[in-house]
Amino acid sequence: MKKINTAQLKQLVEAAIFVAEKPITKQQLKESVLSEFTVADRTLSKVINELMLDYQPRGIQLIEVASGFRFQSLDALSPWLSKLWQESAPKYSRAMLETLALIAYRQPITRGEIEQVRGVAVSSNIIKTLTERDWIKVVGHKEVPGRPALYATTKGFLDYFSMSSLADLPNADAFENMAERIESDSTLKVLNEAPSQ
Amino acid sequence: MKKINTAQLKQLVEAAIFVAEKPITKQQLKESVLSEFTVADRTLSKVINELMLDYQPRGIQLIEVASGFRFQSLDALSPWLSKLWQESAPKYSRAMLETLALIAYRQPITRGEIEQVRGVAVSSNIIKTLTERDWIKVVGHKEVPGRPALYATTKGFLDYFSMSSLADLPNADAFENMAERIESDSTLKVLNEAPSQ
Amino acid sequence: MLDTTDMPSNGSNGAELKNEELTNGEKQSQVPVQQPLPLAFINGEALIEKPEDLFIPPDALEVILEIFEGPLDLLLYLIRKQKFDITVLPIADVTKQYMEYVDAMMALKLELAAEYLLMAAILAEIKSRLLLPKRSDESDDEEDPRAELIRRLKEYELVKQAAEDLDEQPRLERDVFNVAVSTSSNVVPIRVEPNVSLAEVVLAFSQAMKRAQAFEHHTIAREALSTRERMSLILSLLNSTDYSPLEALFTVEEGRAGVVVSFLAILELMKEQLIFCIQAGPYAKIHVKLGSHEEN
C-alpha cells in the first residue's frame, strides 16, 4: 500500500466526487480511487470536511445525501439555472405529495393505511409513479388477510430531496409525537374500528 | 435589465458551467442564465478567467474546448479515477479454457493443431483475449504452408497460477484420476446436484 | 349555502383565478400554500352570512370542489374557515355545511367519491349519538363520539402539512441541480478479468484430450512437459535472421537433466523444421536460427 499526501488526497477525492455519476460514499472511494493507498478514515473525513468548507462560498456545494457525497448547485441560483433547460421541473399533485409524505413519515405502511389517514382512495397511478421515480418500494407484506404490500421510501427519495437520512425530514418529531399519542390511546383505537367498517 | 454584482455573476457562471450537460459558450450563458442581466463581454471574460485560476490548484480544471467551457478532471489523476469505471469481464467459456490448457500442455502449438484436438474451430477472439491477458504469446512460426503462428504460455501465465515453471503443471492424468476418486466418494452428492446441471 | 371565498388553493392558476372572481375582486392577501390555515381569518366572516347573491359560474365551482383532497380535507377547511377549534368540533354546524358542499357536488354531477358519502354518514351518526339523552347508568368516562373524527382530522392536518413541507424541501431538477464534470480524455474504464483456477485449466485439458481420443484413431503422443516448455523457450531466444551458437541454448547450471531436456527440445524443433542448424565444417561450432520459409 502506498502513501498519499493530504494535498494529493484532497485533489483525488474532489475529482472523484465530481466525475462520479452518482453520489459516492467514503467506502466506495476507498474501494475505487483510493484502493492502492493507505488512508485513515479520519484523514478521509477531514479532507471531505475541508472540501465542504472550500465550496461554501462558491456556486456549487458539496453535500452528503443518503447514498453518499455529491456536488450540487446552490439552491438560491435555481431561478436562473433552470433556464438551461427547456422544460420546467415537474409539479406533483397534492394527492401524490400526501401519499409520499405518509410513506416517508409512517413507513412501512400499506396502501389501506394511507387511505385510512387520507380518507380517500389512493390511485394505482400514484403508487406507480412514485415507484417508477424510485422514491418508494415494497419492503414486505403485512401479515393480515390479503397480505398487502408494505411501502417504504428509498435512498433515491432521500437523494432527490437532498437528505441524508429520514431524520432530515422536516418536522419529523411532530409526526413521531402524533403517532405515539395515537398508539397509546387505546380507546380511540376501539372507536376507530366502528365507523370505518 | 437587472444588474448583477461580480461575486454573484461568478457564482452563477460557475454553477451554470457545472450543471450544463455539455460545454457552454459565453453566448449561451448570456442567452440562458444571464438573460435578465446586463453583463458586459469583458466582465464575463474576466469572471471566467478568474474561475480558471481558482481551479488551477484543484482536482478539476475549467477549460475551453471547441464547443465552449467545461470542467474536467485533472489529467494526472486519470490512473486512479479510471477505477471508478471498473467492469467485470464475463467468465471464460469452456472453449477459452480448453484452448489455454492445450497451449499450456502442448506448447508450442499452432491454432490448427488446437483445432484438430478440439474438433472445432478456435475463434480469433479467444486467441486475442488470452494474448491481451498476457497468458500466451507467439513464439515462432511453423514451417508448413501458411507458416502458422506457434503459441506458448508466458511468464505472466506462470505468475498468475503461482508456478515457477511448466513442470509445476499438474499431471493431467493423475489429476483426472484424483478427480474421479473424489467424485465416486461422493456419489450421493453428485446425484443430488445432477438435476440442476 | 356555499361560501367560496377562502378556498384553499392547490396552487394551480386556474383555481386561483376563479377564486378571485368569486370574491368579487376582494384581495386575497395570503399565500395559501405555505400556510395551512389562515385564510378564513382575513375576509371570511362578512361573506359567510350572505352568500346568496354570489354568482358562481358552474365550471368555477367545479374547479373549486375538485381541489379538495377528500372529505377530511373538506371538513378541515370548513372548520378552519369558521374559526372553530378543532377539539370542540361543532358537529351540527359542520354537518350542515358539509352536506351543502356534497349537494353541490351532486348537482354538478361531479364524480362524487363514495368517501364523501361515507363521511356524511359518520357525521350523521355522531350527531345522532350526541342528541341521544345520556342514560344515568352509563359511566362518565364514555368517549365523546367526536373523538375519533377529531383524531383523524388532526392526523390528516399533520399529513397535509408534511406534504407541504416536503414540497418545499430542496428538490433535484427544481431547486438544486446535479453537477456534471467530464473526465479528462485519458480516463479509461478498467476491465477486471475473470479468475481462473489451475484446476479448471487441468480439467479443460483432460476433457479436450478425452474428446480427441474418442474420435481419433491414433493416440496423441505426449512429450514430457519439460521438453515442450524448453521448445517454447528456445524459440523465443532465437530469431530468423541471425544465427546463435548452439551452446548458448544449454545452461550448464541445470545439470545433466537440464541439458538433456534442451537437447530433446532442439531435436524436436529440428524435426518440426522450426529451427535450422548449420555447421561450417567437422568439429566446427554449430549455429542455429529460426526456420524460415524462404530457405526451405
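Chains: A, B and C, in written order; residue numbering restarts at 1 for each.
The definition used in the following text is that contacts are C-beta pairs under 8 Å (C-beta built on N, C-alpha and C of every residue); 3 or more make two chains touch, one makes a residue touch a chain.
Being a predicted model, the structure only gives us computed values, none of them experimental.
> Can you tell me which chain is nearest the middle of the complex, judged by mean CA position?
Smallest offset from the overall C-alpha mean is found for C.
> As a test of understanding: of all chains, whose mean C-alpha position lies farthest from that of chain B?
Of all chains, A has its centre farthest from that of chain B.
> Averaging over Cα atoms per chain, report the distance between chain A and chain B in Å.
The mean C-alpha positions of chain A and chain B differ by 33 Å.
> If you average the CA atoms of chain B and of chain C, how many Å lie between those two points?
Roughly 27 Å separates the two chain centres.
> Report, in whole Å, the distance between the mean C-alpha point of chain A and the mean C-alpha point of chain C.
11
> At least two partner chains per residue is the criterion; list those residues in chain B.
15, 18-20, 60, 71, 73-74, 77, 81, 83, 86
> Two-or-more-chain contact residues of chain C, please, as numbers and ranges.
Only 177-179, 181-183, 187 qualify.
> Within their complex, state which residues of chain A touch chain B.
The contact residues of chain A facing chain B are 10-16, 18-20, 24, 32-36, 58-60, 71, 73-74, 77, 80-81, 83-84.
> Tell me, which parts of chain A touch chain C in their complex?
15, 18-19, 60, 70-75, 78, 81-82, 89-95, 97-98, 100-102, 104-105, 117-121, 159-163, 169-171, 174-175, 178, 182, 185, 187-188, 191-192, 194-195
> Along chain C, where are the residues that touch chain B in the complex?
Touch list, chain C to chain B: 177-184, 186-194, 196, 198-209, 211-212, 215, 220, 222, 225-226, 228-229, 231-232, 235-236, 238, 272-274, 290-293, 296.
> Over in the complex, which chain C residues touch chain A? Could you list them?
10-11, 69-73, 113, 115, 119, 122, 125, 143, 145, 147-148, 151-152, 154-156, 158-179, 181-183, 187
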